[in-house]
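In the two assemblies presented below, chain A is common to both, partnered first by chain B and then by chain C.
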Partner chain A sequence: MDLGYFFSDLWISRWAILHGLGLTIVISVLAILLGTLLGIVVGLCLSYGHWSLRWLVRIYTDFLRGTPVFVLILACFYILSVIGIQLTPFQAGVFALTLFCSSHVGEILRGALQALPRGQIEAAKAIGLTFRQAFIYVLLPQALRQILPTWVNTAVEMVKASTLLSIIGVVELLLATQQIIARDYLSLQFYFFAGFLYFLLNFAIEKLGRLAEKKVIYHV
Partner chain B sequence: MGYTLNFAPVWRDFDLLLSGLGLGLLLAVVSIMIGCGIGLITAFGRLSRHASLRRLAGTYVTAIRNTPILVLILFSYFALPQLGVRLGKIEAFILTLAIYAGAYLTEVFRAGLVALPRGLREAGLAIGLTEWQIKRYLILPVMFRNVLPSLGNNFISLFKDTSLAAAIAVPELTFYARKINTESFRVIETWLVTSLIYVFACLVIAQGLRYLERRLAIIR
Partner chain C sequence: MTAQPLLVIDDLHKKFQALEILKGVSLSVAKGEVVSIIGSSGSGKTTLLRCVNLLEDYHRGSIRIDGTEVGYQGTGEQRRRLRESEIARHRAMTGMAFQQFNLFPHMTALQNVTLGLIKVKGLAKEEAIGIGRKWLDRVGLLERSGHYPGQLSGGQQQRVAIARAIAMSPKLMLFDEVTSALDPELVNEVLNVIRDLAKDGMTMLLVTHEMRFAYELSDRIVFMQQGAIAEDGPPAELFHRPKSERLAEFLKSSKF
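And now, the complex of A and B:
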């Protein structure tokens, strides 16, 4: 193995890799944020919705959770353009990841909300809060605190799932790496390097999550 | 919107999709079996008396869990040959999925082992079993029963991950779906049917696992 060649080529392709890494981060952040917002709505519907709404949302989550992310991404990419919604691969991919993330966050949130003691909502009613106030000030803060560890895991999963966008042609870190490999054939070194970058990214998320957990638990 | 649904091309190749589903299930079963072996060994490693073994097992789990599986698959298929390890695409995929599963199962087994009451081992010692016999006849059977639900969840997510085998042209469900999609342009039908097959398979597996859990449950 000629490491000198690898390093010189790594230096030449530094901007391509950094650009890919940046795009990976943008995709992941967008998917996690949008997915979490949508997921809170999903969780709310699953826990407190009218039975017909609950039923519909249950089908939505089970369908999304039963389908592999890869199939979801391909489906969004192809189907949306056929029914007349022209999205770039980037937009279609982020859309698919957002849907996927929302179903997971929704399911986690439902679990956490149902695990809260009934006394909480009764107490909130007793002091005259409306349902919306009770949810925002009493239930949601406690539920969010509980789902934090699982939510961090979901975030890591989203970063990992963002690699699948390479297959529909979004030049994120993995596709950028593959383009470099297509030029210099250093597949061992560059795949390893890409894997290492992903590892660092996810490891950082995990550590930050741990830190946030400690902070949140201290304030209970 | 000028799109009329026509499922005929999908039904015509439905047996291809089913054979892809069969291969996907087979890949998942073989991988989880190998993964269980790896996971057991590393779980004992993580609970070992020797700090170096603990660290080694911990590094394996952290490294694999934080790396996207697509990168791992591409690495073992395209980069390992550079090290002189030439694997066919199915072997490469099974190897990757087993190593990936092993990392997740390590944590599952570790939790299962830690949760066992101390009395179990002491009872074994009291009736004169050797350490090996205690593991074989007391610890493992009880532990497996306790972790069966999370083992099942892992199996389902592994089954969904087999869709990624399409990236290295293993002819499983997603691979055939892409083929039908590009050959017939029946985009909506193809992806709808494919996701429904995945969802249905996941539901059936989940029901089967629930049945197994009930059969194996220790009556308390």
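And now, the complex of A and C:
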């Protein structure tokens, strides 16, 4: 194996790889952020919604969680265009990942909210907070702390799932790598390198998660 | 007591499915009066307290605090529970301390006390902190204001919880078995805080198993039995000359 050739080609392809890596990061961050925000709404509905709303949202989460992300991405790209919503591959992909993320965050948040002692909402009400205020200041902050470790896992899963956007032509890190390999046939080296970059990304997320856990922990 | 009643409970009925928890309870508490509710578990005393704070709904009867009917509107067919925001406003007239303290674990003692002041009363942060520190000082925990509930003993947590409720300057304080979850050696520090508030003229309704404390502190004792008030009178009368066999038995079993 000629590593010298690999390194010189890596240098030539540096911008393509960086661009792919950047896109992977943008896709992941968007999906995680939007998915978490939507997931908070989903968790709120599942925990405290009217039964009809709970039922609807339950179908939403079960459906999304039971569908392979791969299928979800294809569906968002092709099916939406059939019904007249024309999204770019990037938009469709981020949309699919956001939905997927929201169903997972919603579900784990529901668990955390329901595990909070009843006394918390009662004490919040007793000092005159409305339900909305109690949720924002008392229930949600506690539930978010509870789900942090699981949420970090979900974030890592989102980074990995972002590779699937390559099938609808989003030139993220994986597709960028494949395009380089198509040119120079150094498949082993470049796949390994891409894998290494994914590892670094997820390692950073895990480390940040640990750091955040230490920051927000309170003594129980 | 000649003052007009601050709290008037009239013919309160509450059911959990088929089980009738409160069977027509009527009780009034004058301004500045300290009333303790005693009775065996399942007699409905905690439920009564929770109804006053609107944590429970009730299907008949009314509760008036300082002349305002709380929680419901209309009578008969028209009767309906008020909207969440109106309930919250009514609830602010009362303060409540719970058996399990229920402090917010992600907030410091001071933040626990100031949350309501800032979000419900709309005070500026500095002003809220001033009031919060004053009340933490009053319950003897000023130097613990930066501690989280998990770093405090049970007795300290309950004192913070009382400060949190009282800082909202309620017209009426409700205490729901506030010492029941405490180790025996921590009970007194909490009772002292309540004694201190009573001296200030705070109107209080307590549910308690501390008979000695109820006897010494209360202006009136109410004995509840199977969802109704069985006896109501000054402590000396109830404790020394119980009218009913049941109360005599209850007092004997609670080792007064």
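What we mean here is this: the second predicted complex is superposed on the first by the 217 of 220 C-alpha atoms of A that agree within 3 Å, B and C clash if a C-alpha of one lies under 4 Å from a C-alpha of the other, contacts with A are read in each partner's own complex, and residues count from 1 in each chain.
In the analysis below, a contact is a pair of C-beta atoms (placed from the backbone, for glycine too) under 8 Å apart; a residue touches a chain by one contact, two chains touch by 3 or more.
All values reported here derive from a predicted model rather than from experimental measurement.
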item	value
Touched partner set for A:114, first chain B, second chain C, both or neither	neither
Partner chain(s) touched by A:194 [first = chain B, second = chain C, both, neither]	first
Partner chain in contact with A:130 - chain B first, chain C second, else both or neither	second
Touched partner set for A:142, first chain B, second chain C, both or neither	second
Touching partner for A:70 - first (chain B), second (chain C), both, neither	first
Partner chain(s) touched by A:166 [first = chain B, second = chain C, both, neither]	first
Chain C versus chain B, contacts on chain A by residue	B
Chain B versus chain C as contact partner of A:8, first or second or both or neither	neither
Footprint overlap on chain A, comparing chain B with chain C	none
Complex contacts: residues of chain A adjacent to chain B	1, 62-63, 65-72, 74-75, 78-79, 82-84, 156, 159-164, 166-167, 174, 178, 181, 187-188, 191-192, 194-195, 198-199, 202-203, 206
Touch list for chain B against partner chain A, complex	1, 3, 62-63, 65-72, 74-75, 78-80, 82-83, 160-164, 166-167, 174, 177-178, 181, 187-188, 191-192, 194-195, 198-200, 202-203
Interface residues, chain A side, partner chain C - complex	117, 119-120, 122-131, 133, 137-138, 141-142, 145, 216, 218-220
Residues on chain C engaged by chain A in the complex (per definition of touch)	53-55, 84-85, 88-89, 91-92, 94-96, 98, 100-106, 115-116, 119-120, 148-151, 161, 164-165, 168
